[in-house]
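Two complexes are shown next, each including subunit A; its partner changes from subunit B in the first to subunit C in the second.
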Partner chain A sequence: MLQYWTAILTEAAIFAVLALGIDMIWGWAGDFDLSAYAYFALGVYMTMVMTIGKPQAPVVYILGWHLPYPVAVILAVVVVVAFAAIIGAIALRSLREVYFSITTLGAVWAIYYAVENYTPLFNGYNGVYGLVDPLGGGLSYNAYHYLFLGFCLLVLLAAYVVVQHLSTSPFGRMVRAVRDDERAASVYGRNVFWAKYRTYLFGAGLAGLAGGLFAAYIGAFSPLDWKPTEIFVLYAAILVGGRGNPKGVVLGSFIVYVGFVEMTRYIPSPAARPELGPALRQILIGLLIVLMLKYRPSGLLPEKLGDDGTIRRRSWPERLLRSSGTASNEPELLQGSSKDEVAP
Partner chain B sequence: MSIFWISLGQGLAVAAILALSSVAFTLEYAVSRVVNLAHGEVLTIGAFAAYVCETNLHQNIYVCALVATICGALAATGLNYFLIERFRNQKSLATLIATLGASLILQNLLLIIFGGASLSYGFSQGNLLHVGPFLWTTLTIEVMVSAVVVAILIYLLLQRTRLGKALRAVSQNRELSQVSGIPARGIVMQTWAVAGAVSGFAGFLYGETVGTISPTIGNGFLLLSITAAVGGGLGRPYATLGGAVVLGLVMSIAGTYISSAYQLVVAFGFLVVMLLVKPNGIFIRGSAQTVRA
Partner chain C sequence: MTSPLLAVKDVSKHFGGVAAVNGCSMSISEGSVVGLIGPNGAGKSSLIDLISGFERPDSGSVVFAGRELVGRRPDVISRMGLIRTFQTPREWRDLSVIDNVRVGRSALSRESIWRSLTSGARLRREEAAENQELFDLMAHYRLDGVRNVRASGLSGGQKRLLEFARIASAKPRLTILDEPMGGVNPVLGERIGEAIRELKRAGSTVVVVEHNLPFIEKTCDEVVVMDLGSVIAQGHFDELRNNTRVVDAYLGNDDE
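Entry: the complex of A and B
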């Protein structure tokens, strides 16, 4: 039972990191991105091929390095961000709302079919495998899994602190001002594309990081493990928890993930109909999305920007993200409260 | 050169089905301003309705086509009544996400009912025929002819009937058309019924041409329909028709010279190029800086 809960909580923590990333793109910047699951998958693949060493005869994949796990994860995140930079540049430059979603939908399926059919990349349909234990097997089975759960929770905590910090920072507010009224924000001197683009890259980076964690958790990864439609679980989690509120997103991820795994455990899945359980789960996810959207679109913990009149210093993650250009020369007051002033 | 003509002939057949599917998609967008991501599932429902009709009820091909059409119409009308209309006052993105949820629900219902395996119709493919430089089967020709007939019917509906006139008015401005005494709600409903009927029929044609159907065929077809509609001009039926023909040809030629496994990749490339070069569609004059729905 303890092992079972360890597994569920580990997965939930990983998906919460992913959800935090997706929520930045959708919740803050308002871009309903359907290709984020591809960034997650790319993070998994890249971590795998950079840690498991040279491919054996029938298996083929790129790189085949033997790097230490943390280095591989960091490099994987870099690759994912670079990749998202291409997709984001295409999709965000002049396309908004529904057109943006369509482009990312096309992108994710194109990537999916390319990975599945082009074997030299990640061994195509059969996928890559072999990342069993980044610690090299020094610990017992249970001890390793507890340690890994602790590690995932720690990463989640770190990701949460950074994202929460950013969320209420001038940068977080600026991105939301852009979301709520692009024209007004650009009148106030904000670079709309640049604001959305940075948010997109940061979100994609978090997705890649979640992928790096998942690689060590699952050990083997093939196109069967990442149907692009699985991103809906995360959107359901974000909707339940509270779009745009990092606290809500983490809460929603745990509720939806643990709730659904627990609930669907009792759905009978006879051997003759193995698709029954997953299909019912998907139907429930679909229902959850539609009902939440209709009756409580802001979720359990609605978006809060800490509009209590206090002006915060720039946070360090924000200084990291901040452009050296236009925005930095203006007084902090304008930066922080532009949304309130601009709102009609 | 002969391979080129044969693939072009296949491309025309694919384009014919794609044209019907994407016109239906574009009509839905025209009246409801919604990108219906559950569109693929309406096609799938049509295809499976025909399958049940053929396998379990042993009807002939025409009855099956009719049943597919009716079921498609029912599915789309239900979708509009129970989902789209309820989200009318929300942002277009909320409706899009809701249709995504609906797509998930419908696809997995089909999966539960019919299972995940591929099924196939028992209709004969007919004889192989050389028509000019093309190589077609009798069935392919029937599919293309019926697609053209349906396209002409849609044209007549849009241009020569009261419904068509009202439909065009509603697609221009729903509130204003209501002020002029057009029952917009009813017109939207009827448009969805027509679009659903066309989709159901297209789903049946798809099953006939490709040979196998499964609950997930909607995924790929949705993407192609969106690409054709956006490439041609979203919300404009005739521009969409043109987009579908161009996309069908591009894909079949790419399928011959690159690989058929990468058809969706090619389609995505086509979509991106269209969106970057002419975001309002190839067959629409003028361009916009930022495209939003």
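Entry: the complex of A and C
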């Protein structure tokens, strides 16, 4: 049981890093990106082919290096960001909203089928396998997994601190201004494309980093292990936690991943209908998204409103209890004051 | 005579077969408040889009402070010192009111990812040091009670005032206001007239598109009249009152 929980929490931590990246692109910049799962997968593949050494026939893949794990992860992130730079340049230049989403959807499926069918890249349909051991070996199976969970939580903490810091910085504020009204943002001197593009690349980098972690968690990775549609689980996590609020995104990732994806595995599937359980799981995730959008569209911990520094901050459990829906963390001022006092 | 701050020369723009702006020329001298009037469809808003870079003219040139604007992006034009508004207020709805004004200040060098990560504390101190100035500005526009409110929660009139607070914090050299009085009650209208004069005192040249002629007469030093995509007259309000072309354009001509 302990092993089971270690595994779940490790996966949840990894997916929280990915969700933080996706939330920057969607929550902050407002771009509903569908290709982030490809960046994640690319991060996994690249980390693997740079650490597990030469392929043994009939397995084929590129590079086949034997680099130290941290170096491989950094290089994988660089490759992912370079890839995102191409897709982002095409998709963000002049496309917005659903047109942007369709373009990124096209990109993710193109990458998916290229990886699956072009064998020399990552061994095609059969995928890449081999152990990536960031801790250098010598540990028992259990000790390794406990340590690796700790490592993932540390990386998540670091990612959270960085993202949270950016979120409240002038950069985070500007990106949200661009999201709320692009024309007004360019009237005030902001290069809209550049703002969105930088956010996109940073988010993609986090997706690549999550992939790098995942590479060390699983021993094999093939097109069977990732489907572009899995990104909707991450969007569900962001919706539940609170779009645009890094704290909420981490919370939502753990809730959705542990509570939904794992717990619903216990839904019994009759022997005659083995597909029933997984299908029900998808339905429940869909239902969760619908219910959240209806009853609490800004999530459990809504996006934080920048203030003038004079507001007493409520502690977050207090806020969680008192805020509801879009009213969120706005102070009482809205009711109390100048609705009708504009005229002198 | 010094060269004008803004010189529009022979600018044309067609949308499909429709000539929205057709050989339009005008010049705006620095330090003035100029009213831009004309019947609906005269091409006023299109002209503003062409000047501010949101549309590219088919032909003609727009020179601002000695530099050509045609072909530049709106954000580049803005950084040269030109701020415009739109017919409806465009606040950043999910930002607080004070953050709207903060972004309006356009302290662009602070918005680097690298600086945010490496010298975040210093950025915070720099912003805190500017707080008092922002508070005063917001009090001036009667927004001090709603500083921490989501901008989408403001009333229509407050959104108009927020627009002025944002412009005042951006300190532009030229401000182009597209119907700042739309949906505004007469009392608040007085306040907006005052805000325009304040912009002028603060050193900005102002162009106002407006249908309210008494307001234009009271607020503007000079008036430009457009009809059918081109400028048909420019001068003081009193001169234009007796200009038959202007009167025809506004009131319709029975002979036609």
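We adopt the following convention: the second predicted complex is superposed on the first by the 296 of 344 C-alpha atoms of A that agree within 3 Å, B and C clash if a C-alpha of one lies under 4 Å from a C-alpha of the other, contacts with A are read in each partner's own complex, and residues count from 1 in each chain.
Heads up, the rule we're going with is that a contact is a pair of C-beta atoms (placed from the backbone, for glycine too) under 8 Å apart; a residue touches a chain by one contact, two chains touch by 3 or more.
Because the structure is a prediction, the values reported are computed rather than measured.
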First (subunit B), second (subunit C), both or neither touched by A:Lys247: neither
Touch list for subunit A against partner subunit B, complex: 30, 32, 90, 93-99, 101-103, 105-107, 109-110, 113-114, 117, 229, 232, 235, 273, 275-276, 279-280, 282-283, 285-290, 293-294, 297
List of subunit A residues in touch with subunit C within their complex: 162, 165-166, 169-174, 176-177, 179-181, 183-192, 198, 202, 303, 305-311, 330-331, 333-334, 336-344
Interfacial residue positions of subunit C with respect to subunit A in the complex: 52, 54, 73-75, 78-79, 83-86, 90-96, 98-100, 102-104, 106-108, 110-113, 116-117, 120, 123, 127-128, 131, 134-135, 142, 145-150, 153, 155, 157-158, 161, 166, 170, 185, 187-188, 190-191
Footprint of subunit A on subunit B - complex, ascending: 35, 37, 83, 86-87, 90-94, 96-98, 100-105, 107-109, 111-112, 115-116, 219-220, 223, 226-227, 230, 259, 261-262, 264-265, 267-269, 271-272, 275-276, 279, 289-293
